[in-house]
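Below is one structure, written out as structure tokens; the observations come after it.
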Amino acid sequence: MTASQKTGLVVTAHPGDFVWRAGGAIALHTAKGYRVKIACLSYGERGESQFAWKKAGVSMAEVKEQRRDEAQRAAELLGAEIEFFDAGDYPLRGTQAILDRLVDINHELKPAFVLTHALADPYNIDHPEATRLAQEARIIAQAMGHKPDPTRAYSAPPVFLFEPHQPEQCDYKPNVILNIDDVWEKKRAAFEILAAQKHLWEYYTRVALNRGMQGGRNSGRSMTYGEAYQRLFPMVLEELA
Amino acid sequence: MTASQKTGLVVTAHPGDFVWRAGGAIALHTAKGYRVKIACLSYGERGESQFAWKKAGVSMAEVKEQRRDEAQRAAELLGAEIEFFDAGDYPLRGTQAILDRLVDINHELKPAFVLTHALADPYNIDHPEATRLAQEARIIAQAMGHKPDPTRAYSAPPVFLFEPHQPEQCDYKPNVILNIDDVWEKKRAAFEILAAQKHLWEYYTRVALNRGMQGGRNSGRSMTYGEAYQRLFPMVLEELA
Amino acid sequence: MTASQKTGLVVTAHPGDFVWRAGGAIALHTAKGYRVKIACLSYGERGESQFAWKKAGVSMAEVKEQRRDEAQRAAELLGAEIEFFDAGDYPLRGTQAILDRLVDINHELKPAFVLTHALADPYNIDHPEATRLAQEARIIAQAMGHKPDPTRAYSAPPVFLFEPHQPEQCDYKPNVILNIDDVWEKKRAAFEILAAQKHLWEYYTRVALNRGMQGGRNSGRSMTYGEAYQRLFPMVLEELA
Amino acid sequence: MTASQKTGLVVTAHPGDFVWRAGGAIALHTAKGYRVKIACLSYGERGESQFAWKKAGVSMAEVKEQRRDEAQRAAELLGAEIEFFDAGDYPLRGTQAILDRLVDINHELKPAFVLTHALADPYNIDHPEATRLAQEARIIAQAMGHKPDPTRAYSAPPVFLFEPHQPEQCDYKPNVILNIDDVWEKKRAAFEILAAQKHLWEYYTRVALNRGMQGGRNSGRSMTYGEAYQRLFPMVLEELA
Amino acid sequence: MTASQKTGLVVTAHPGDFVWRAGGAIALHTAKGYRVKIACLSYGERGESQFAWKKAGVSMAEVKEQRRDEAQRAAELLGAEIEFFDAGDYPLRGTQAILDRLVDINHELKPAFVLTHALADPYNIDHPEATRLAQEARIIAQAMGHKPDPTRAYSAPPVFLFEPHQPEQCDYKPNVILNIDDVWEKKRAAFEILAAQKHLWEYYTRVALNRGMQGGRNSGRSMTYGEAYQRLFPMVLEELA
Amino acid sequence: MTASQKTGLVVTAHPGDFVWRAGGAIALHTAKGYRVKIACLSYGERGESQFAWKKAGVSMAEVKEQRRDEAQRAAELLGAEIEFFDAGDYPLRGTQAILDRLVDINHELKPAFVLTHALADPYNIDHPEATRLAQEARIIAQAMGHKPDPTRAYSAPPVFLFEPHQPEQCDYKPNVILNIDDVWEKKRAAFEILAAQKHLWEYYTRVALNRGMQGGRNSGRSMTYGEAYQRLFPMVLEELA
């Protein structure tokens, strides 16, 4: 990482999430030269590994290992680093150690943006827990008195929330559509690493196409594939158009 | 207007509104070379001319003339064109002719952004009426079958809502803070043209300073004066930072 | 009306509304010496006169007359003045003349409070129309340039919204419970004037009892009958307890 | 229509809307023997006829005729009646005559359900106007004193709101997913009658597939194609499962 | 429990809650042959046992025993099973063991519906804690990797939220009214077992009568006693009427 | 404290909060003879002590001591008692012991009002944690079975929420503006004790002036300095004006 390299941080509850929900943003920014790091809080070993559990006698360790391998390969394909936290899923519970490590990552990475889950998800208790951890770590990392460091600048990056599976049920309202046309093939290739959730490949391809059409309608500029985000916190602009 | 000149449209219920609420955006964009046009729907003759009415025997025509003159001078100072609609205030009621003219202005100007009032204002019935007209005109202007013109592109500009006087009572939530440091002196000079509302000069100076401090906190970049907006409609981005 | 007499204004779509929803407030304030005026926008001739229409051959004029008589008697019992607007119901549509008259009433009465319907009611289109008229008249009445009068003070009274029939469906959230124990018998007597809606006597008695119990729970002071209101606009206080 | 035939009413701003948004519900209920009537308020002649306007010299009458023909054929294919109101689009404005006719249709049809647009749509001013008309007509039709008829029962049907083009921007929250697997081919065939909006065929096919997958997830019962609705007004049940 | 017997699960913070808020649903479904189980998280020993504490020298164990006895008798009267968790009240805090047991109950019972508290209650911290536990257990019970069992079907039951004491303060919006006319006498008899909260017998009788009248108005079908619920998650339908 | 002395309780995350957000209310009520107690949960040692940390080699204990001293002096100046909890900040986490002590304070003080933070604050995780503790303690203190005491009255005081730094981002909607003209000089003097946050002195002076102008507009009574609050829970009134 050079002094001037821009960086991004993705905090995700399960491996599938960073692929379905942020694979485009990750690939787009790594292609532009950003260093992007994925904090993958669990392996999704209980909740998104239905197929793995169909094998008679499979152990928890084996399921985790499978999912870790998939996640590692997907991150590489997207050009990102990944760090695993093995926090467990269903339920994922943040500990002080997890939060501390996330604060340290904020200090090390000084991310230009943070991507994480929606604020609420009545279908999934791990998603808002990941969001909570991402937000708390971002805020604590700003505090001058947390591991005091006189060189630290006081500032915090914008946060963008991933699109959840059923957006309206999560009171999710996207205000950003990212044009991911240039990296769509990579995002789709990452889908195909997630063999356990094959039923979602087409689902999230359709989501990308429909968000793409909405992006075209909202901007007047042609585009095919989109990834929706909800940006928290006001943005400061020097020009409105 | 050269072929490539960018443009902006401001739809305002009363003269004071474009000064207090959007004077910074207007001055900033005209300074950058934009053509900015203000559609000033009324003269604010009943509702924001308390001082004018204190003169014994003053007539409605005189009050309107005073306010028109002030508005004209404020627009000039900010570098913008202004068109008056004389639609009346308290209450301002949109007519078909007003809407038609606003649609035509959208066709002529092809604005890169539209600025108008908040969606609701329980203190002022003219403000949401102006917003309704601005939004309807913007939408109708897109319709291929409204004064059909084969050269018309199908697209509509983003809309940014002004900060109302009591934002929380209007369910107003700013998501953009415009840095107006470079044009603050002009905005303040425009305040001082509005002699009838001297009590608001300091009020809106304080608003600008506090939005400026919030802008600095949200962006990590130093700034002094801000103007808040609520952007409607998702924005399409190619990069998140 | 003596110079110092306090006043209240009630703007109601139909006669039943001022009885079910505000009968306690009206009786309480008239008992305290307030002058209270009811602006009764329609006779409820189509929508709340089911029983009247069961009489073979009854005419619209007869139904209106019956309802007018009931409304007049209920207002008298509660100690209030009533002015009828005969604006029609189902649908009630405000005209310029109605609005003008309501503005004049605001000027004449200088009410210390305005009571009207909830902001929304998906079961009844006349209710929010009455609210709109009440709010517009209150705002226009403040404008210095509307029938200019140098003696007019610039101020507007607080607005309290009645409890609708199905509060949750109207996104109605009461923040005031008025203790109407002292006038309950009068309110109940007014119910019994409304012979056409006998099925609602017990309904609204139960509403009063349950709001009374809630009032006791929220204040720690014993009370039996309550009337709920949603106060719009912040209140200014000199002490919090 | 036999005495016991069930009926449904669809109130739509433009022809495309009843196809994209309610084609499944219409075909499903007509297949079950319901009489379904579509009140088609405009021909969508300005706003959803981009392709028609590309033909040099085409007249408004010709465009309307084209759209009317398409709408007629689509309604027939879906098994429904259609009545045109020719109210104009962009903007669609309800008149007293339109409202009166809709009330009469409510009286004639006694619908078991009403389908119409979402409550808000910042992209389209005609949609909420159609919703307003549908709701007002449904409410007025209940009023005993509107064209009094002693045989009229006092009741009003449930209302279901169509899915808009960008649901989250319309604060639309579906609470019903209709399984349209049995009639999907018909809905898709109706799409293909709308030659002017070919770019939406695949968009709304994807919407149907994704709502279908959500329906499966919410019910635990396998299904492929869904149509989302937001039901207004509480439902009365005799059993919860 | 026969293979085909339908089941229901009620997760309640305190004994009073299942009686006041869900007594009708419990009696109605047990009368229809459902097996209904109540997970009663606390005895309400601190917060809803005012009368018990008035006895000089009464011990916590005695108060719990009294409330347990009442709860047992009320459950029997309603035809339901009850399991006590003794989690404490004011505050009720969910532990891992409580959550695990609730997951197991979900696995054993495979409920066709889950009834629990509202999402928020600013008057009572135990209610949303019970809701959280009910929702988390329902979600975890779906995870294939939680106590893996190859025979487990992947699905989750609908959730219905009880009516809280002051619904509007809890942002509670009922969308279901259950007709409990057939079991009203049983529900009322269960009230009378709760001697400690006699002041609420009439309160909740009035609630049932008013919800009944609202049910009649919303459905057009006559009914006397209702119980309101807010259904979470979209429902899948095959027909709209 | 005499038997009849009125009391108030302020629960604050950090020392700055009680000065910026509630300094006016505290000084106003102590001037009226109230006993006001501040429960100061942390010293703000990490998150609001930027200047203190600039001194090379400063220790956590020294920073805490500095902030404690400032807080003590500010409380004295405002006429209030202060109790420190040393719960830590960034993050502040409530423990059982903290909650128990807050319940005891409620029992001892029997406050006529409770002031605390807003319900949400996406910029600061300690603020809603303080609110949670304040609300839980207030509720638990009402429970007859918590440290049973036969002399305890069953009632709970109203809660007023402080204005956060960026109100709209916290979904904060003030419904009370307290007139603090009589104590403004004291509030400003308390600002100046907080040397570490000098950049906020002018910010919160502007907030007070703008809330003051809003207070004048909402009440029609002249005032200069205001402090905004959001009152939770309905208030019971005997008169509306």
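The chains carry the letters A, B, C, D, E and F, assigned in the order they are written, with residues numbered from 1 in each.
What we mean here is this: a contact is a pair of C-beta atoms (placed from the backbone, for glycine too) under 8 Å apart; a residue touches a chain by one contact, two chains touch by 3 or more.
Chain by chain, the UniProt names read as follows: A, B, C, D, E, F = PIG-L family deacetylase.
These figures come from a predicted structure and were not determined experimentally.
Taking the definition of touch as given, a chain qualifies here only if it contacts chain D and chain E alike; those chains are A, C.
A repeat of the D-E interface exists among B-F, A-E or A-B. It is A-B, with more than half of its contact pairs matching by residue number. Comparing the centres of all chains, each the average of its CA atoms, the largest separation from chain A belongs to C.
Note on chain D versus chain F: their Cα superposition corresponds to a rotation of 180 degrees, in steps of 5.
Here the CA centre of chain A is 37 Å from the CA centre of chain F.
Residue positions of chain D touching 2 or more other chains, listed in rising order: 123, 154, 169, 174, 214, 233-234. Remark: the chains found to touch one another pair up as A-B, A-D, A-E, A-F, B-C, B-D, B-F, C-D, C-E, C-F, D-E, E-F. Partner chain B is touched in their complex by these residues of chain A: 6, 8, 25, 28-29, 32, 34, 112-113, 115, 153-158, 160, 174-179, 214-215, 218-221, 223, 226, 228-229, 231, 233-241. Contact residues of chain D toward chain B in the complex are 45-47, 49-50, 52-54, 56, 60, 63, 89-91, 122-125, 169.
For chain A in complex with chain F, the touching residues are 99, 135-136, 139-140, 142-146, 148, 150, 154, 232-234.
By the touch criterion stated above, chain E contacts chain C in their complex at residues 123, 165-169, 171-174, 199, 202-203, 206-207, 209-210, 213-214, 217.
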